[in-house]
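Next, two complexes with subunit A in common: one pairs it with subunit B, the other with subunit C.
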Partner chain A sequence: MIMAMVIDIEFIAHILNSTFRLMTPILFVALGSALCNRVFIFNIGLEGMMLTGAFFAIVANYYTHSVIISLLAAMFSAGLVAWVAGIFMVKFKGAMLVVGISVNILMLGATTFLMQIIFGVKGAFVDTSLVSIPKVNVEFLRNVPFFYTLLGSLTYLDYFAVVLAVILYYYMFRTVSGFRLRSIGFNKEAANSIGINADRIQIGAITFSGILSGLGGALLSMGAVTMFIQNITSGRGFMAMAAGALGSAHPIGVVFASTFFGLAQTLSNIFDTQIISSEFMKAIPYLATIVALGIFNYTKIKRGGRINNI
Partner chain B sequence: MFLRMENIYKKYGSLYANKDVGLTLKKGEILALVGENGAGKTTIMKVLYGLVKPDSGDIFINDKKVDITNPRAAIKHGIGMVQQHFMLFDEFTVMENIVYGREPRGKLFFDVKKAKQDVINLGKKYELPLDPDRGLNGMPVGLKQRVEILKVLYQDTDIIIFDEPTAVLTPQEVTELLKTMKSLAAIGKSIILITHKLNEVMEVADRALVMREGEKVGDVLVKDTSIKELSYLMVGRHIPNRKVPKVKVGQTVFETKNLSIVKKDVAILDDVSINVKRGEIVGIAGVSGNGQSELVEAVFGLKKSTSGNVIINGVDVTNTTIHNVRDNGVALVPEDRNIHGSAAMATLTENSIMGYYHLDGFSKYGVIDYKASEEFTKELINEFDVASSSTKQLMNSLSGGNVQKLILAREINHKSPFLIVAEPTRGVDIGAMEFIHKELIQKRTNGDGVLLISSELTEILDLSDRIYVIFEGQIKGEFTRENATKEEIGFLMLGGNSIE
Partner chain C sequence: MNKYYKKTLNLLEPLKQPAMAIGFAFIVGAIVMLFTGANPIEVYGIMFKGAFSSQFYLSATFAKATPIILTGLGASVAWRANCFAIGGEGQMIFGALTAALIAIYLPGPLWIRIIISMIGGVAVGGGMSLFSAYLFDKLQMSLSISTLMMNYSSKFLAMGLVVMFFLDTTSTGGMLKQTKQIPEGMRFPRVNADYALTIGFFIAVIIVLLVWFLLNKTKYGYESKMTGYNPEFSRFGGINAKRIMYLSLFISGVLSAFAGVSEVYGTYFRYVSGSLVSGGTAWIGLNAALISAYNPIGVLISSIILASIQTGGTAISRFTDVPLEISQILQGCITLFISAKIIIKWRRKKKLIKVVEEGGN
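Now for the complex of A and B:
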């Protein structure tokens, strides 16, 4: 009886830990998506930007064996892609959906192709020389199994994701710059009429969302595992967009929404390995996305609000 | 001389919006800018405020040449503008709207406390009090405009441009605004006022600048001129007095029976029973915001009514589709020309056939006949004298009054037996106003019914064969052309009860 209790508590700690680890990559991207939503940009290219970050983190890792340089490479590459996409969306008034989907298709192709050119492999690339993002040491908790499991194998970047959400909250709702950022989403013309350069703010937000996606991507390829797999993001960027909308583009709301998706993935993993192994279980996170968005929009419409993404 | 603009040229395609326009302004002076729709008034002011780049021309402030390439630069030189359409954030508070672009900040954060105090002080200084924490959503137009004015004053501007500020205000709000302008001028601010209402010019302005087809055609001191002379300068002809021929009234074409809209236990429309017969213009007099918009929306199917019926030509169309209402013979010129009346990013042709594109002559087997539609558009433009350069032009490149003219042209031209017009002459010049009134009378004389909704009491009195007065969603009285008096209608409009 007591044994079962211990196992149960351990199990819960394990679920929470896994939820957190699966949540953070989504959170980075979802925060970026929230920023874009605030300036009335529907950035569907986040998936591709995340993939870009995941890939170039490994490339830089391979050549330099430096975590810092790998992370910088991820942020820079994804930020650059986002900046170009932003120019197309805002300056050239390209349809956001078209630009975003182009980014996704292009970056999926480009990373797959470059993987063959640079590493000479197909499908997946692993190398013992690759370094991973350092984990926070929890040896001192060894005697407290619950916390040892709960906080085990987490990287500094995982914690930073939550800190970043809090920083972004203060940025959005307390600073002048955040105030202006939010204004753009409400009425771009009014912003321009007082001489605020709305285009620049929009492109800036898209670029920053790219930088964040890059970090999220790096966390995928250098966090729990250190490797690059073709299409390693497999829809996490889209899930992050859903989390951005579900969290009402509010940084703290986005943390909760991302947690929900982290949990969905954890459950899918557990069922997959322990109870029934089927393709259906893999679909859980995606199903959860659709159902959650559906319920969210339905209640929003009921309350008389408007759906303002797209 | 405080401000001087010289030789301003601005061409759109082959059309000169401004042609060699010059302008001067003294400190503390109120300058009125008048002219027909499309004369180039908004354009020259947008040049001054840095929203439009002129092809050539110079601007001097205190005899020093200045370069105004964007609103930031204009504000830096002390120029502010209250535009024709409000430039406000409905989601923000009064304070946030006013300090926008020049927010006080502490070390790191937006200093909300100081901002609120600044707004309160500003309100006190100019005697335009406003609650800084109030949200803008649902705020009356007059107060929104006050936010706009304080926003401009907050930027420490010496020159304030108002582009048709009174078009959307109630008479009381207009009186108040004119008073504000005078007191601003008295403390040394210079004001440029664009308006189509010449009585306002006579009341507040020191000088009037008249424009026609992009050029300056007159610069007169108000004390030396008259409404008659100004209107002659504007349109280049005398406006004739209107004659309304007598016609025989026919069958009822439109009727509402006990129509009500109740929202959260409040009746926005309360048991309204009115009718319009063929050969009649029926006016709805009332201060705007007393249920007029809801009446139109309920009739047209834009809003569901809670109870009661709408009957067109004997057919009950209560709470059916807009399509059905239109097909039963109703045409509509809505109050808001930009939201319900037209599509800003569509061409003039597309706007001209909107609502009727499925009819014979405009499409066949679901394919739009653009050639025929274009011909039709050209006819409308000619007939209603819409200032434009091509039928492929986008609607949002037309001047405010010309948008209104094209919508009217479209709705009148479809020969439906019943027409609803809401605020048909808002923002149009006196020449066009005369023309629109003539068209409405013509339609009625041809044996159609017209329901006229207007917050301009003179317009109602001039045109209507019968008048209903609306107050807080209720019909408070009914008059015929013969027994209508301005005094009694005005009394009922403000909530007085009928003296019988």
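Now for the complex of A and C:
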């Protein structure tokens, strides 16, 4: 029975669809992580920023029932947290790892705290009045089941994630400003000496990575499901960091790396519900991260490449 | 007189930064409470009472501090040698699970089971930490990423193992994902039958002293400190940085895993899935290490402070409308403010140079 399902073409479409949906929240955050890596910032606080975005998207959603305002709230709140983190990392010369970890603990506490203050619930908040991000209408594909499943229930934001990767690629590698940004990653002192305000660009990059994490978080809480769960990100921000590293901090590489994590999550979901109903499968995405990074680094070292890691 | 004054001032110097950070954090906490409509002074009063006011609360605080001390020591040993690993959680989980399973299923006299179960638990934790060291050494995989991923996989793998093979179906009908209890004779004895405090806390204090000795009085301690200060310099000085890294991470893993073991022996008497993760013990331990600048004695003190924020937080949520998570907010703020310490150090150095120059003139 399982074999019949596996070769079913619609099942493949279903897997691809699910991979794409699970990939895009990670992609947003991973692009932010890649941007940070390019300016020599190791931003482990992305997890907390993503959580911030997911939470404030739902808060704004609850009060305004507007998708646009919810997304703006997500971007603004996560961007604000990232900006503060950036000030601590760059201006106050705080150890990046310590600032990032603090942000994660702080925002995990703050979102749970505020959830109880604002909504009066613990654990999860769901309300029928909440609106979700509109899905792209694929009714016209109803006669083509493969594409109907493949492109079904995708939001506009999902597509935008990929568009954004292309835009970021163009910005980083085809514009003067992007070149300046990358020069900081090569040598901050040298960049400073030719009149680039490296501090400002670093803080800007961290803030922007926060804004992207906010979007990724909003996609989690307003995409496939519309609800906020305590610690809804559950390590996706960390996974996105791994995706940023796996994609060599190159926007297009990051798309492929994120896809890999989307696929790992999809497979863990499918096995979870259909073959072995077990917690083991939930470990797959995290184990896959270690294996994938290991293989990637191994081949890179074999070719004589250097890996920038902190 | 002046000399003694200066000496005490020097001794108090390392306390300046943590004290300031904790102060700032409490101010932020107070502002947060004001927003919720609570009176911060009153809430902090309840918090203090809920952590220290009676023998009962005090022993709860010390019991809570035990795993924090141990994971804090684990983080300190690694971080001071420039190994920024954050795998305490995963090591704790598998340390606890291994120790619990050996304690439950190994036949033989109890004392042999205790020894084997403890050694087994810490060996697994040390091994996990060594694996991340290996990934860093051979594959240049960032320690923070590999250990983070191991934390999450450990959580789910341990849960899966318990559910599939070792589930205790008798007590809660399998509702809670937990193993059977370890035999009564193996548990850490309580100091007073009515209180939560066990000898685990005192074992942790002894380990603090051992780690202090290791870091301050041995060759390894000196070498790891030098590697932490300046890896390049220490390499020229003939220190085998790789050996130091493997050793530091192994010791770190062993200590974190023992935190899990002590929770099994002293608190839960079994492995309860999720119990070690939900409180964020390993992260609080890391906070303790950061606050104390990796000084073992400092870890002991800051762990008790952080544990008191936790037990006090429980009291707050019981007696006021302020949610328990206020303690997480306070902890996050403390480390955030701690992180900005470099600027103060830098200023002090400048002053020092000035003093030296003046002295020279």
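We adopt the following convention: the second predicted complex is superposed on the first by the 303 of 310 C-alpha atoms of A that agree within 3 Å, B and C clash if a C-alpha of one lies under 4 Å from a C-alpha of the other, contacts with A are read in each partner's own complex, and residues count from 1 in each chain.
In the analysis below, contacts are C-beta pairs under 8 Å (C-beta built on N, C-alpha and C of every residue); 3 or more make two chains touch, one makes a residue touch a chain.
No experiment lies behind these values; they were computed from the predicted model shown.
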Identify the partner contact of A:Tyr169: answer first if only subunit B is touched, second if only subunit C is, both if each is, neither if none is.
neither
Just checking: does A:Ala242 make contact with subunit B only, subunit C only, both, or neither of them? Give me first, second, both or neither.
second
Comparing the two partners subunit B and subunit C, which touches a greater set of residues in subunit A
C
Applying the touch criterion given at the start, work out whether A:Ala283 contacts subunit B, subunit C, both or neither, answering first, second, both or neither.
second
Using the superposition on chain A described above, determine whether A:Ile194 touches subunit B (first), subunit C (second), both, or neither.
first
First, second, both or neither for A:Phe208, with subunit B first and subunit C second:
neither
Going by the contact rule set out at the top, does A:Phe179 touch subunit B (first), subunit C (second), both, or neither?
first
Is A:Phe20 touching anything from subunit B or subunit C once the two structures are fitted on A? First, second, both or neither.
neither
For subunit A, which residues lie in the overlap of the subunit B contacts and the subunit C contacts?
none
Which of the residues in subunit A come into contact with subunit C in the complex?
42, 44, 88, 92-95, 97-99, 101-110, 112-113, 116-117, 234-235, 238-239, 241-242, 245, 278-280, 282-283, 286-287, 289-290, 293-294, 297-298, 301, 307, 309-310
Which bits of subunit A are touching subunit B when the two form their complex?
170, 174-176, 178-180, 183, 186-187, 189-196
Contact footprint of subunit A on subunit B as seen in their complex
50-51, 70-75, 81, 83, 87-92, 96, 100-101, 103, 105, 108-110, 151
Footprint of subunit A on subunit C - complex, ascending
32, 35-36, 84, 86, 135, 139-142, 144-146, 148-150, 152-153, 155-157, 159-160, 163-164, 280, 283, 286-287, 290, 323, 325-329, 331-333, 335-336, 338-343, 346
